[in-house]
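Okay, so chain A shows up in both of these, paired with chain B first and chain C after.
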Partner chain A sequence: MLGQQLINGFTIGSIYALIALGLTMVYGVLKILHIAHAGVYAMGAYIGLWVYRLVPNLFLAMLAAMFLSGVAGILIERFLYKSMLDKSRIVPLIASIGLFIAMEETFRIIAGPYVKAFSVHFRQKPWILGSARISAPQMLVFGVTIVLLVLLWWVITRTRMGKALRAVSMDREMADALGVATEKIILLSFFISSALAGAAGVLVGVFYNSVYPTMGDIPAYKALAIIVLGGMGSIPGTILGAFLIGISETFLIGYVNVPLPRDALAFIVMIAVLMFRPYGLLGKE
Partner chain B sequence: MLDVRNLEVRYGEFRAVHGVSFTVEDGELITIIGANGAGKTSILRTLMGFQPAYRGTITLNGKEITHLSAHERAKLGIGIAPEGRRLFGDMDVQENLEMGGYLIQDKSLLKQRLEAVYARFPVLKSRRNQRAKTLSGGEQQMLAIGRTLMGDPPLVLMDEVSLGLMPKYVQEVFRIIKELNEEGKTILLVEQNAKKALSIAHRGYVLETGRFRWEGEAQQLKDNPEVQRAYLGG
Partner chain C sequence: MSAYIVTVSITIGIYVILAISLNIITGYAGQISLGHAAFFGIGAYASGMLATRVGAPFFVCLPFAVVVTGIVGAILGIPCLRVREDFLAITTMGINFVVQAVFLYVPFFGGALGISNIPVPSIHGSDMTKPEYLIMVLLFILLSILVDGWLTRSWTGLALSAIREDETAAEMSGVNLTRFKVIAFVLGSAMAGLAGSLYAHFMSFISATDFGFAESIVILSMVVFGGIGTLRGPIIGAIVLGVAPELFRPILNYRTLLYGVMLVVLMRFQPQGLLGIDSFVTRTLKRLWKKETRGYEPAA
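This part shows the complex of A and B:
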């Protein structure tokens, strides 16, 4: 039972991590809350489903969803946020909420208001580990998450562009003075963030066998709780926060029989952590 | 090398710099001294491209750069050791230096520069894998200067690089600035420590509420009784 809860918790945590990472990276470079990120995530799910129906190859669907979501991220930065950066921070926040709603309505108009099935037939048998089992979709979630996290880690710690990205999120002006074309680096961070969200969208679509216009609603605010919990802008903090929330949620449902909506838990954990660590798990002032 | 004409800097309606003009010739070490709030940092920030010039022109080696972004100016050979050091605190010492050499494409050249900086600041080498924010104040200042040197900019802007350091380090920092200048770097040094700055500079400008009150050879300024009274402690 404990093992199974942990496996389920890590599955949910993986998905939260992929979504929240993008939010934290965007916050890092632009210091804005990119609510429409959850719209990009839903868009990724729709693109994945659409490609999968054309060519039933999940790998291809995933790549297409990531690439097109990444491009959408670039367009959002370029045409929405860029002109608002010298305004009060409430301006891009409101624009972002507006875009999120508009995206959901667009999905509804194009694909209809109903839940679409994203059914993938897995031939892989579940792995049995003692009393726990890891299903094929869970393996998919873990596999994709591990690959993407390792890739992200490699990019930001080993490549010139990735180091520049970290430098921009620490001190944009100084990075600029050292010759970093910061606008390009910001576009890069939107591309990476949005591609991760697109991947998360496909994973969730497959895992729950459903894609629908408002699927971004809950992730939109939960990812906020996670990045606040992790320490705004901190990549390791966000990953830690995502797994903490994912695991807490599955344990809450599995063990504690309290009439508490599962989706409120993220905020309860967030508030509890902030009481002791006002800047989040790994955040700084 | 650098020619600044009628530079005016504003924050909203507030005029921080009222149309100053000055030049920095190749190989010179020039200092701008002045009290808190005189506008020294505003001038340097505008030269680097952090802050737009409200009026006036900035010319570097005959090319007007008034409206270029900071990274374009970096490419043209301006480097800055800014006020407050502005290190990348969560990166280690070596990564900070690598960022300083961001524009260098050639790996072996980058390595060579890194070794040169480590040779100049051995303490940085022994702390190469330590995060910048965990260094002592003096070490951080060495790193800030080292980071600027990585790009080997012909013109270096330095903003109160001795601020907040122990006397031992203050001595050391001024010695290094002088040494860099003797090796051929053109340096524009902004300082509140007028005595020390004038002792190493060729020429100086004294800034008071956004205007130059005096300018001239460093020795001349040091001998000027009014400057002495106001800035040199008698």
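This part shows the complex of A and C:
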């Protein structure tokens, strides 16, 4: 029972991590609360489903979803956020909320309001570890998350591009003055973060066997709670926050009979942490 | 006036009060709040519960709701003092979710069933009609405008704009951050409580789902859409965004899409809001106004 809860918690935590990482990267470079990120995530799920129905190859569907979501991210930065960087921070926030609403409505109008099944047949048998079992979709979630996280870690810490990205996220103006191509780096970080969101969308679609227009609603605010918990802009903090929230949700609901819904729990954890660390777990002032 | 127009006007009137109240916290004091609907809900529940459980008349429930919401605003404002900027925005959002969950899951607040049969206020021994209710809402809007006007002309208003422009500089100049932030939170929350009370007695049924995060976004959009930091802005924003869904009723399927697109387009091209400081509309109006006055100027 304990092992099973832990595995379920890690599964949810992995999905949260993929969504929240993109949000934290965007926050790192632009200092924007990118609510429409959850719209990109839902878009990824729809693209994945669409490609999968044309060509029943999950790998291909995932790649297509990641690439097109990444392109969408670039377009959002180019046509929306770029002109708002010198404005009060509430301006991009409201624009982002408006874009999120418009995206959800577009999905509803194009694909219909009902839940679409994303059924993938796995030949892989579940692994049995003592009393716990890891199902094939869970393996997929773990596998993809680990691969993407390692890849991201490699890009950020081991390449010139990653160095530039870290520089921009520390101080955009200073990086610009020192000759970093900030424009390119900002677009790159939007591409990477939106691609991660697209991958998360496909994983959630397969894992719950459902894709629907409002599937971004819960990630939209929960990912915000996670990045605040981790310390806005901090990548290790975000991963820590995602797993902390995923696991504590599963445990509190599985063991303690808390009379509060999942979503409120995430925020109670967040507010409690903020009282002691006003800049999040791993955040800096 | 048809009953439909009166009903829509009352709803928009309540939104006008909400927008004015949020503008005090976010527009004047610069503290972004993504959880204003929580205070709207607290006011509605306080008023509705006092009326249905104790049987108090409306004109007792309303001040009660205002006081309770003001006090809760001060208490919930305390965690908000610890955090700044975007952390604050997310904290207020969290408060909204927690307050909503408490209403939904604690049996004392009626749980999922909410509070029903909230009586219509009565005057001279008979129930208020809808047009009478509308007049009362308009009077409360007037009151909110007066409070807003007093605030912007007082030292408190000056301190709040100092905090909005630069918190550190304000503190260095001797502005007591804690004191004035709490004042803004209490004033804004209490006014939202007033709106909540008006809403509860108008709808006669309230439940936790009416006061969620989406509602907070609607109120914030109104403030920003009209022009944050001015008095005219939130009022116009509430009216335009309140009327728009009614106008879009014939194209029901695209209504919400248009709402989203409107927000994006306005923020992209008019980030000050429709009637904000130095927006396109304000500048044009000013130019027209000047031309007219110049015409009447006596020749020098």
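Criterion: the second predicted complex is superposed on the first by the 285 of 285 C-alpha atoms of A that agree within 3 Å, B and C clash if a C-alpha of one lies under 4 Å from a C-alpha of the other, contacts with A are read in each partner's own complex, and residues count from 1 in each chain.
We adopt the following convention: a contact is a pair of C-beta atoms (placed from the backbone, for glycine too) under 8 Å apart; a residue touches a chain by one contact, two chains touch by 3 or more.
Note that the structure is predicted; figures quoted are calculated from it, not measured.
Residue contacts after overlaying the shared chain place A:Y221 against chain C, while chain B stays out of touching range. In the superposition on chain A, contact is made by A:D176 with chain B only, not with chain C. Taking chain B and chain C in turn and counting the residues of chain A each one touches, the greater count comes from C. Shared-chain residue A:V120: touches no atom of chain B or chain C.
Contact with neither chain B nor chain C is seen for A:I253 once the two complexes are overlaid on the shared chain.
Of the two partner chains, neither chain B nor chain C is touched by A:A136.
In the superposed model, A:L274 makes contact with chain C only, not with chain B. Shared-chain residue A:K163: touches chain B; no touch with chain C.
The contact sets of chain A with chain B and with chain C never meet. Remark: chain C residues 26, 32, 79, 82-87, 89-91, 93-95, 97-98, 100-102, 104-106, 213, 217, 220-221, 224-225, 228, 253-254, 256-257, 259-264, 267-268, 271 touch chain A in the complex.
For chain A in complex with chain B, the touching residues are 160, 163-164, 166-167, 170-171, 173-182, 284. Interface residues of chain B, counted against chain A in their complex, comprise 48-50, 69-71, 73-75, 79-80, 82, 86, 88-91, 95, 98-100, 102-103, 147, 151.
Here chain A touches chain C in the complex through residues 27, 31, 33, 79-80, 83-84, 87-95, 97-106, 109, 221, 224-225, 228, 232, 259-261, 263-264, 267-268, 270-271, 274-275, 278-280, going by the rule given at the top.
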